[in-house]
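First chain A sits with chain B, and in the next complex the same chain sits with chain C.
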Partner chain A sequence: MPTPIPSPDLVIAAPEALDSATRGFWAETWVRFKRRRLALLALAYVCFLAIVAIFAPAIAGTKPVVCKYKGHLYFPALGYLNSKWENPVFYTDRFRRIYPENLKAKDPESWAIWPLVYQDPYRRVREGEWPDQPGNPTGVEGVPSQYNRLGTDQSGKDVFAQMVHGTRIAMLVGFVSMGISAVIGIGIGATAGYFGGWIDTLLSRVIELVMCIPALVLILALIAILEKTTIWHLMVILGATGWTGIARLTRAEFLKLKHIDYVLAARALGVGRFRIMFRHVLRNALAPIVVPITFGIASAIITESALSFLGFGADPPNPSWGTLLNAGRTTIEQTWWLVLFPGLAIFFTVLAYNLIGEGLQEATDPRLREAGK
Partner chain B sequence: MMQRISFRLLVLCIAIMMGCGKSKSVTPSADSVESSSRDAAAVDSATVAEEVLLEPFDPPKLEELEASVTWVDQRVVDTLELRRQAEANTKSLVTVDEALKLRNDSPEANKKILSALGRLPDSDADVDWNATLVRHLNGDAKSMNPLMANSTSEFEVHGLMAFGVFSFDWEMKPLAIADVTVSWQTSSDGMYDKVVLRDDLTWSDGKPITAHDVVFSFQTIMNPKVPVPAVRAGTDELRWVAAYDNQTLVYFHKKPSPTNIWNINFPVIPKHVYEESVKEDPTMANSEYHIKLEQKPVCGGPYIITKRTQGQEIVLERRDDWFKKDGKLVRPLRHFKEIRCRVIEDPNTALLALRAGEIEETILNPEQWITEQTNNDEFYAKNTKATGTQWVEFHFCWNCDTPYFSDKRVRQAMSYAFDHREMLDKLFYGLYEPAMGPFHASAWMAPKQGLKPYQQDLDKAEDLLDEAGWEDSDGDGIRDKTIGGKKINFEFTLLSSTTPNSLKVSELLKQNLDQIGVVCNVKPTEFTVLQQLEIEHKFHAAMGGWGTGTDPDTTINIFGTGENRNFGSYSNKEVDALYEAGRKEFDPVKRAAIYAKIHEIVYEDQVYTWLFWRNSFYGFNKALRGYKFSPRGPYNYGPGFDSLWKAVP
Partner chain C sequence: MLSFLIRRTFIGLITLLLITFVVYGLVRNMPGTPLTVAAAESDPSKTLSDEDLERLNKIYGLDKHWTQAYFIWIGNVAKLDLGRSISRKQPVTKLIRDRVSATLILSVTSLILTYMLSIPIGLRATVRSGSLEERSISTVLYMLYSLPAFVAALFLQILIAVKLGWLPLMGIVSDDYETMSLIGKAWDICLHAFMPVMCFTYGSLAYYSRFIKSNMEEVIRQDYIRTAKAKGVHPTNIVLHHAFRNTLIPLVTMLGLTLPGLLGGAILLEQIFQWPGMGRLFFEALSGRDYPTIMGLVLMFSFLTLLGQLLADVFYAFVDPRVSLS
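Let's turn to the complex of A and B:
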């Protein structure tokens, strides 16, 4: 017997969920998502990465997390996030940002709380900089050791420190570029789907047009023009070109949902267009859209790594995983650690996002849900 | 670093091969180029059609000329013989067998290997005259027309198959090649050069090579419609070239100068082949006739191209008709019967091919030299390696037109801020020596004493910046200066080629400057773009390099006011005057003093922050003998490549 496709609201009332009739759609999704071990593990991994990204300066760095210097409290490690946040007092007076030596020398009263690992993602740690720690080896000598857990690259920069700080780039690239994509994609898709008519025709053509623009070529052109390319430029380009899939899905959902009774009811009550679009329709359309966003994050991370690998990423020094891979390429026969660790990091991160996406898909799509049983 | 050419099509390069090419080469990017166009700007000027490069000239009759000038004999040399004489006084430190067992792990070992394996054969019986050599080219040769030569690969191939009159030895002293000339004389007033060619020379199609071919080549080079990329520079200093009969040539100079001897050295193409076709197709590349010639060029040198597979291989064969007349040897036979030039662009692939014995020589980069790849049994099973000092220096070029670097003190501060030791010891494994100015310390034109390499001294750097007015007045951690009422932060962009070692050095400077409140943004730039920005002076600072010319005067277009490769717009009247003086001075000692003075001035001014001299590293198959390193590497001089040979197995 043909059954109408249940709207998400109806699903909640399905028999197997009766014991928790009060659960909303997302709570229900979560319950279902939780049942998928791998997806849950992947989510935990991404959360772990997020924590690493946020606390990177406290995990590996050569700047104190907190220090008291000449009567004031400072947080120099914030300089890793934005160089302006490192107080100028540490540049002037020939301090030169060499903390362990100069803090004591210039103010014997000073104290500092150091990051867990004294290694810098941007420079080689020299001999005698930190008590009982030798200078980082260079060339192909940087095998993983007790001082450099994951080894060093050819110019002596610690791989662990670079990977920890590179996590921030990977996380940011994924979230920011897909954030931009989501906003543009949902906005355009919703408008096209809801209004229909010539607006739909026009916006659909725009979507098709943007689909034809290769992001890679745009990025290369941008790098040629810009005086200084940062990771933010890459994210904007990736975001500004990657929204078409989302827009199409949103449009389709809106086309479908706008004829459903509750929308009609809302209209009859005189609710404004935008309120209907974003408060009533979008909520119910969101589930299928979240899935491509998750996959999009994974592909954005891959793209950024690939760009850095090819040397077209953000301007150096840029401790991206892809940059590390690229450094390992030239001496691949000797420096396995330069390829293995960042390679694994990229692999697992992309895998994790894909698993999460798949989990979400199956948890939100009632058809797949039935099939999964 | 130092793959030879990574982007072959993008790279403008020129290197001198014996008998063809010009006296100067350049290395604008740290890794990608071996050496580059003598004058990149000349490429553009060549395309301006209306330009007249050569004013008509009516050469005097030979009798009149002979009556009015006194001729001074110049060297006509068989370079192999010259080399043999030089070797006669030296002894090899070890036997060949011992040398083949040696590992090149120290300067002593290198010396031993070169002294034993780098020798010419004791007698002709030692040479395998039917040997094939497989050479490595790091990019395909685009054109087989010697006038169109532009990349190192092209110069390497043309050096084997093209006809040339002049060359120079490993001390970069000019000479006329005995294979092709009877005599070479220069007039005592320095205005004329007279050359008599041999009468037993033939092109590969059997037609004789005459003085008229040389004149035709000169006129073609100076034809503004012909887009000659590299060889016009220098040649355009000539007033005229005249042929008085099939063998007698006179070169007319515009003014007497010690650099005239380099200007007469240009490649020669067959007149009977190109005379008509150039009129129809001045590009010498587009017409069907020229395309066919590219596949099967008419060769005037000791080798002929027998097969050319684009992007893969060029096969050359020894020309018996070049060496033998009526079955009798008229010139010393070259050592290889066949030379196959394999094109492999990626240096790692090239090394694998060398280890597998698929190629028999290749240039190595420092990573390859220092690591297991060339130190294990697998490498030494079939190969050995050798190194030599090469006069290729690298530097940061400061643009004096910018508010940052117009002040000498700022440029000096940059040099003091840079951690030279870290670069030399850690980034380059101690394989390179520090550069202190444009001329290598062992060159005749370099100052004999008194220059010290810069060492990092951040205190001095900060003092100099303070003195120059760059102080952090607003307490934001970045130095600034008020210029014309506007406050400018000391934040500049450093252009660097995209190759890893160039970037590493640039990043090191960034780190160093970061400590003294100067922001340096490193921008990896593709090589051709980098070159264009430099030519247009649209940059703050750039990392680059120059290969040595044969004469110090060639550096005038780097340091002379307004010259086309003076990218940093440096201007110093004293330097300009010294270059002028150098062109007029014929006494070698006084001339050396002039260039030493220039060296001292530009070093004092820190026009560049000089970084290091890049040595050459080569891997050779154990079957090869006879390699000797010159300041221009093991091949690019006379006899250079011709001295290689294989022993009878």
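Let's turn to the complex of A and C:
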């Protein structure tokens, strides 16, 4: 992904003089970042998404967040995060995933705190499951209504519930795959840049090679080799294919920084190579590397939803935003809600990460800092 | 210059060999072969008998280990023979030739549009820097830049094709294309191409405009601009002749890098609009495990990528006398 060119005029000029000598680099960056209202708004939006992702089972679900059943407290909603966390007692008592009537029928003393919206991302809610709530419409009938605020998909699953649970996928994909990319990219780039010589030549060829192989071939081939693709596999694959840009940048920074006096001083003191690389050089190279990582999170989210959209995402059930788009495309002439809402979610998330990246770029780049003063 | 070109060509050839080797290994090790995938798709009960499978494997050289098959393939490529598609029973070169025009319609139109629109937008944004107009242009461009093309394509389809009914939803021609007059045929393709071209264009338009603007911002602070101003040169003249000409260097360089994109098409967009171009061919070949077609396309894409990078470097030395290639 090409890095967006920052527009210096978006920087909000600071009238007050700064006593920057008293602040560290990252504190200084934060002060500068805070001045950009849009970047702050984007950061708030990402935090909001993170909260939605963590509390998704409590926002939309058909399993109680907390319930008292036969004298014990249970948290069945955790089953949405990991199926092992749902207590097996509900399987042995034949709940068949329908909690409301079974809780009352099997233990009249029981009580439960329910999620805000009684809808499930993995199955259709049927008639009579929840008081005064009809069954979800199926096919192309699932227009947004008071029971399904954002409509339902063809199989009658609620779109709002899927989107809330899909937030978790989007957030995880962004952070985990970019985290993997960053580790690989920084590792390879730092080694190539610091050691130079034939190591550099070899690693540069490897970087170029991975860059030139069409990303889709690489990703699809890796997915096809796996027997069952979970979302975690997908994140590893995205991470393993998306590190080249970071590696090149890290290499360039290391080539520049390794000749600076403090490296020589550290070497004269007998500091080990890896300590110099990752404690001294990397710390100074981090600012220009963090910016493409932020943009990379945005492009990882795009890639994941594009793969799910093509039908190559994680195996179902996979309530990714891209899966919803794919469902919407098959009946695009009738089901506009299946395209509009997940599409907007992807757009705003990508926009937010790009804005944060741009904010960071302007906060850390000394050339642009001058323009801000 | 000559030694530079020779060295780059040599390195490029080695990179090409490596890329094709790795991709060949990857696609041959994907589960399923063109024969089993095709049979399973048409009718699950009608799988090939073992003898038939073995016979066909032999014909297509699938019985050999992939490294051995790779060297046979690369030997044929050296003789300019890309082989025959397994699932389509046609030479790969013919398949590519059939599909390339559809992709070129989209990519060339979009490239011309991008340059024609982004230069005036970028210049206007520089001149009006800081005004409300410039801020709104920048914001809209930034939002467009962040909108993934496949999301935009679906939104456009719903708005223009489904709700308003102005343009056809997908495909490249209407059903009654054969009965149309020549002008009618051209118009029909134009109508079908409109939405894909928009989706191809808006992202690069946003990127280029911002690129031009940020380059202009840098140039406009230079001393020679101040000199021109002091001489009393007309402001339009300063922007067009003194400033813009100096931002042309990176712009020309970028032209070289767009080369693979021109022929590569876009897999997602062509899939959404059912556009019979290179992207779809690639996608179909990948899902059908059609090894010769995949390899032909990969070879073409990587060749163009490397050629584009080389051209960018040569252009750069050509337009900027300060850069020398030796």
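One rule holds for everything that comes next: the second predicted complex is superposed on the first by the 346 of 373 C-alpha atoms of A that agree within 3 Å, B and C clash if a C-alpha of one lies under 4 Å from a C-alpha of the other, contacts with A are read in each partner's own complex, and residues count from 1 in each chain.
Note that in this section a residue touches a chain if its C-beta (ideal position, glycine included) is under 8 Å from a C-beta of that chain, and two chains touch if they have at least 3 such contacts.
What you see is a predicted model, and the numbers here were worked out from it, not measured in a lab.
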item: Contacts of A:333 with chain B and chain C, given as first, second, both or neither; value: both
item: Contacts of A:139 with chain B and chain C, given as first, second, both or neither; value: first
item: Partner chain(s) touched by A:213 [first = chain B, second = chain C, both, neither]; value: second
item: Dominant contact partner of chain A by residue count, chain C or chain B; value: C
item: Chain B versus chain C as contact partner of A:205, first or second or both or neither; value: second
item: Contacts of A:41 with chain B and chain C, given as first, second, both or neither; value: neither
item: First (chain B), second (chain C), both or neither touched by A:266; value: neither
item: Which of chain B and chain C A:224 touches, first, second, both or neither; value: both
item: First (chain B), second (chain C), both or neither touched by A:347; value: second
item: Doubly contacted chain A residues - partners chain C and chain B; value: 224, 332-333
item: Parts of chain A lying in touch with chain C, wherever the complex brings them together; value: 2, 4-10, 205, 208-209, 212-214, 216-218, 220-222, 224-225, 298, 302, 305-306, 309-310, 325, 328-329, 332-333, 336, 339-340, 343, 346-347, 350-351, 354-355
item: Chain B-facing residues of chain A, complex; value: 84, 86, 88, 90-92, 94, 96-98, 122-124, 138-140, 154-156, 224, 227-229, 311, 315-317, 326-327, 330-334
item: Residue ranges of chain B in contact with chain A within the complex; value: 348, 367, 370-373, 422, 426-427, 429, 458-459, 462, 472, 475-477, 493, 498, 500, 503-504, 506-508, 510-511, 514-517, 521-524, 526, 529
item: For the chain C and chain A complex, residues of the former touching the latter; value: 15, 18-19, 22-23, 26-27, 29-32, 129-130, 134-135, 138, 142-143, 145-148, 150-151, 154-155, 157-158, 162-163, 169, 207, 210-211, 213-214, 217, 267-268, 271-272, 282-283, 286, 294, 298, 301-302, 305-306
